[in-house]
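Inspection log for the structure reproduced underneath, given as structure tokens.
As written, the chain order gives the labels A, B, C and D, with residue 1 at the start of each chain.
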Amino acid sequence: MSILVDENSRVVIQGISGRRGSFHTKQMLGYNTNIAAGVRPGKGGQRVEGVPVFNTMVEAVQEEGVNVSCIFVPPPFAADSIMEAASAGVKLIICITEGIPVLDMVNVVSFVRSRGAILIGPNCPGIISPGKTMVGIMPRRMHRQGDIGVISRSGTLTYEVVYQLTEVGLGQSTCIGIGGDPIIGISFIDVLAMFKEDNETRGILLIGEIGGKEEEYAAKYIKEEFNKPVLAFIAGRTAPTNKRMGHAGAIISRGMGKAEDKIKTLQDAGITVAQDLCSIGKKALEVMGHG
Amino acid sequence: MSSQALSFFRSVNKLNLHEYQAKNIFRQFGIPVPHGLLVNEPGRAFQAARSIKGPPWVVKAQVHAGARGKAGGVKIVNDLDVVEQAAQSMIGQRIITNQTGPAGVMVNQVLVEEGVEIEREFYLSMAINRRNARPTMIFSPVGGVEIEEVMLEYPDLILIERPDPVTGWMPFQARNLLYRLDPLPSPEAIDNITFIAAQVFEIFLRYDCSLIEINPLVITREGKVIALDVKISIDDNASFRQEKIFQLDDKAGKDPLELQAEEYGINYIHLDGNVGVLVNGAGLAMATMDIIKQTGARPANFLDVGGGANEETISRGFEIILKDRHVKAILINIFGGILRCDELAKGVLAALKRMEIHVPLVIRLQGTRVEEGREILKNSDLKFLVAKDLAEAAKLVAEQVS
Amino acid sequence: MSILVDENSRVVIQGISGRRGSFHTKQMLGYNTNIAAGVRPGKGGQRVEGVPVFNTMVEAVQEEGVNVSCIFVPPPFAADSIMEAASAGVKLIICITEGIPVLDMVNVVSFVRSRGAILIGPNCPGIISPGKTMVGIMPRRMHRQGDIGVISRSGTLTYEVVYQLTEVGLGQSTCIGIGGDPIIGISFIDVLAMFKEDNETRGILLIGEIGGKEEEYAAKYIKEEFNKPVLAFIAGRTAPTNKRMGHAGAIISRGMGKAEDKIKTLQDAGITVAQDLCSIGKKALEVMGHG
Amino acid sequence: MSSQALSFFRSVNKLNLHEYQAKNIFRQFGIPVPHGLLVNEPGRAFQAARSIKGPPWVVKAQVHAGARGKAGGVKIVNDLDVVEQAAQSMIGQRIITNQTGPAGVMVNQVLVEEGVEIEREFYLSMAINRRNARPTMIFSPVGGVEIEEVMLEYPDLILIERPDPVTGWMPFQARNLLYRLDPLPSPEAIDNITFIAAQVFEIFLRYDCSLIEINPLVITREGKVIALDVKISIDDNASFRQEKIFQLDDKAGKDPLELQAEEYGINYIHLDGNVGVLVNGAGLAMATMDIIKQTGARPANFLDVGGGANEETISRGFEIILKDRHVKAILINIFGGILRCDELAKGVLAALKRMEIHVPLVIRLQGTRVEEGREILKNSDLKFLVAKDLAEAAKLVAEQVS
């Protein structure tokens, strides 16, 4: 098992004909992701990497029965694309786009929820269930099928962690980047709740960073309701205040969102927090066991 | 409506407007602010003050620095002849507060304003609540002090109303906030603040704000309601549709290296350490900074060359790092994902060939095609250290600066 | 029994200090309606007709536990007042005000629903459960407690009908004016569904008029799901097209909303339609029997 | 998105703008409309046409009358010298269509426009859906004909999109409508119509519209998208916050008695019958008209003096009814509710004393304090008939006019 995506995911790429869209379509196809359609208004009838392109999501759903969308549309049009996907009935929407205005996301989150859809991201690397499917921009070769779930607000930092997990022999059930923006569709808690129900996920790696209170909420949830081992890591202990650290959501503001506060909250909830990224793989082995 | 502390005050990435710019926007939306004039030479402060009602006058440094008052950035002057002197004490000087970093920020302009006799002070702001994904208005009967302190010490005095996603901000919400005041302000004052709250919401939407803060919002002795100090921050991500307001961005107060990086489209933040850092990915960059700190050295910067790093961006990253003369060593930490290590190695080499690097350089590569990447580095005749893993990279770079 | 209101209704009057608000407060008090509070911003602490006045609905709910609101606030402020009531937790809101902009009502209807509240009106005479309580502007003396439910889009026309009902000995369980505006909170069908569940309501008088399709929807519902005798009456057979007949919602537009179409649809659904207002009381007796 | 017929097209009460006024608003919102000039004297039509691209030119009567084209209200002119003649045939004349009533409406102004070569015609409108309580956009690939006909005959060609209550109209909704067209218009045309749809929603909200209709929306031979004919109706209830647009209300085309009633704040509609009607309450007024019709007479008007009827409003109601020289008798039907019958009877008497009533008058009173009211009427020395119930009232009034 895995969560959210598997071999049955029929993926549509919104913005398939753009530079990034077409490149990552090829990458995903290389992972045997079932990419059933692409959407780009005005390019209906064409093909990109062999994938049929439609003008609208309604058409992609009608013609190809897609059920997962992956969005590479530029920021000014991304909110519209997310809503188009939800409106067309797609229930899992993964938005890679970085740079969507926050007020657009305020509307999007409300809209997506009202349509009963799940949004991952924006500003995220996507989701991979190793050996089954990958929807997003994650590198293909470092993951290994297994029983560790990974949740992260980051991209390359997650690859680093996954690389080390694989190195020490801990495969992954599903890895999800929930996104580095202040307003995102799916939270740590949402994903933890899914991992809780997933029989093939044995333990969790939770990778947080400065800004917001996501990690604090997760700590409370884990303490009260989660029953599998969790190893956490928080990036940004040396980050200054009031500066945006790359991710729109990674900012310590008014003294809030500091790494040390998050680490303390996690530890107070009984969760092991890796202090040293260099040996996070080994630490995971300690916390999870060999399985 | 409820009173919650500490859980809602997330600013997001932002353009900070100067106080005088924020007040100009308030004027356009009909919110009363004190009469004032912007002055960029001390010699003009006297003239400015003379055309404004007073005494007293208030001279306020136009810099992005919270708590500037405590650092000499706000002066109340009762004598017209002292106004110039107050301006002189600010313009051309650096103001250092707990929010500016040790270097402080340069004052280029001051706002000369009429002084206002304050009867009561309130706090009113609107920001995005990350968890609820909704704008949130915060009102407090305690104004003029830092709201974080009120939140910690008097959480019951923090009142919250959230505009409904469908209908937006409604007047009854302002009434819910205001009719809890004891004693009640005059009906006119309540009407005026109700209007101001509605306009704050309008400005928030109109300009893609991440924060609008009025602190204090005052009722004067004469019973007038005035926004005495105002902060507006704009969501950077909205710059494509807020061109006009982004033209207000004042480069003068910014770190020159950060300005340069901004031009190059590179995420760079200048810190006061000695190890330059060049990483692909923001999370990994933060984590790399943390590792440097753990080894006893100090990161000189945050620098994310991004997912699409190439020779060009890596060169420019080097260029910026090297301009920081506190940098005694550089750590390159690249995790090859979609972008393969061999490509990245080639990019690094090409960049190094174009630049003169006068400090030790440690490179750590990992990820897709790492062997090929290391091979390329090994075969070059350029001088640098290649670390086999993160731990070694940290150790090597720490040795260079110890 | 009765629907929506009874002796336990604790009523708040929004706009109590206005001319109409205070007048009708007195009328309602005369009917022994339990008016527990009034609201008028800035008049908190005063009394109107002996009723304590509060500045906000939140206060009225907290201090007096009101659960039904009756609104006399002028059109520019009425939408705000309805939302204030719903936001403060009042679950039954009766808006008498005529002249609220339609786009305000678009927002209001969505807002009220999201808060789980029921809105009657606007532009309606209110609701009466004879012998128990009256919330609105209905005349006090013509109603008589009984087992006929009355639903209407109109005011004085309803009084005329109720007068005749009472004359022929048919008392009323509850009479509701749903309002003459194009966008209203509660529909014929909503009220019919409540009457269906009300054991003490034996039959229904449904008074419609030109404009919209409310009567047609009701006809379908009655045919398919309603199990009590219904007598209908439709006003406006002589109304010209494209002219607003007093009520904002009473307009035949683009050939739609005609009285004859409504009458035919009702009759096709097997519902008796009174052709003659002059003898509608007698007709009701025919359809309902003496009970 | 779905295609439904007949269930959504409810206009509400409204101010109708003239075509030229609606087009001016469209221009302000960047929606292309044909170049045109308003002319109120035939002699100026030639000049106007000469300054506009042509031939052909189109001369369009500015009246509120659907189907004016069939009634000679729209003329296409290919010869500059015939433009004046076309204007002459309209200005000062009455246009009678199935929507104007038998008297028709006077043409005071014509719009002289450039002719446009049409490649394709569409229909696009936004109105309030009563049942869903939401604005609704209707689009049809069949334009230039009456949409009701399309609804009845080709319901599948009626496409619907509703803006979300939270987010408003989104561009993807326009794409959902447009990418179903066969053949597809050019990408530019699709972009332009997408823009127009968004602007129509903006105008709808901005001006409290009850209807915006573009019929036809055309693509010209040159590939340009133009709103060729435009209707805008404004919600009367919003007049308090739409003062500017209500100043556009053209009284000239209206029934003078209705204008008078409007001034008095009385709901009056002029009909072509012979029995004047004065009632309190709109529903009862309609039902009273129906009763008159049933007796074989014809109602001369709808008149609702309202819930707060008093001597003043009753007098004014009489005044308006009596100005209609087709009125041969008057029926007063008052149901005393909150307003008691005795008060109403006094009001009627006072009004009658002030006026000279030259036609038979039948009064029917019912409701609260009816006995006292009847007593008051009985004791007066004025001439009128008092009916004991509705049936008798109808019979009496019918006898007066038969």
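Details
Please note the rule applied: a residue touches a chain if its C-beta (ideal position, glycine included) is under 8 Å from a C-beta of that chain, and two chains touch if they have at least 3 such contacts.
It should be emphasised that the depicted structure is a prediction, and the values quoted were computed from it without experimental measurement.
Taking A-D and C-D together, the chain pair joined by more C-beta contacts is C-D. Distance between chain centres (mean CA atoms), chain A to chain C: 51 Å.
With centres set at the average Cα position, the gap from chain B to chain C is 55 Å. Between the CA-based centres of chain C and chain D the separation comes to 27 Å, rounded to the whole angstrom. Multi-chain contact residues of chain C, defined as those touching 2 or more other chains: 107, 110.
For chain B, the set of residues touching two or more other chains reads 165-166. Interchain contacts give a graph that is no line, ring or star and is not complete, per the touch definition above. Contact between chains, using the touch rule, shows up for A-B, A-D, B-C, B-D, C-D. Interface residues of chain A facing chain D in the complex, by the touch rule stated above, are 41-42, 44, 55-59, 77, 80-81, 83-84, 87, 107-108, 110-111, 114. The residues of chain A lying in touch with chain B in their complex are 23-24, 27, 75-76, 99-103, 105-107, 109-110, 137-142, 152-160, 163, 180, 182-183, 207, 209-214, 217, 233, 235-251, 253-257, 259, 275-279.
By the touch criterion stated above, chain D contacts chain C in their complex at residues 6-7, 9-14, 99, 101, 128, 130-131, 133-135, 147-148, 165, 205, 208, 210, 235-238, 240-241, 267, 269, 271, 279-287, 289-294, 298-299, 302, 304, 307, 335-338, 366-368, 389-391, 394.
Those residues of chain B that touch chain D in the shared complex are 165-166. Listing the residues of chain B that touch chain C in their complex gives 1, 164, 166-167, 170-173, 175-176, 179, 187, 190.
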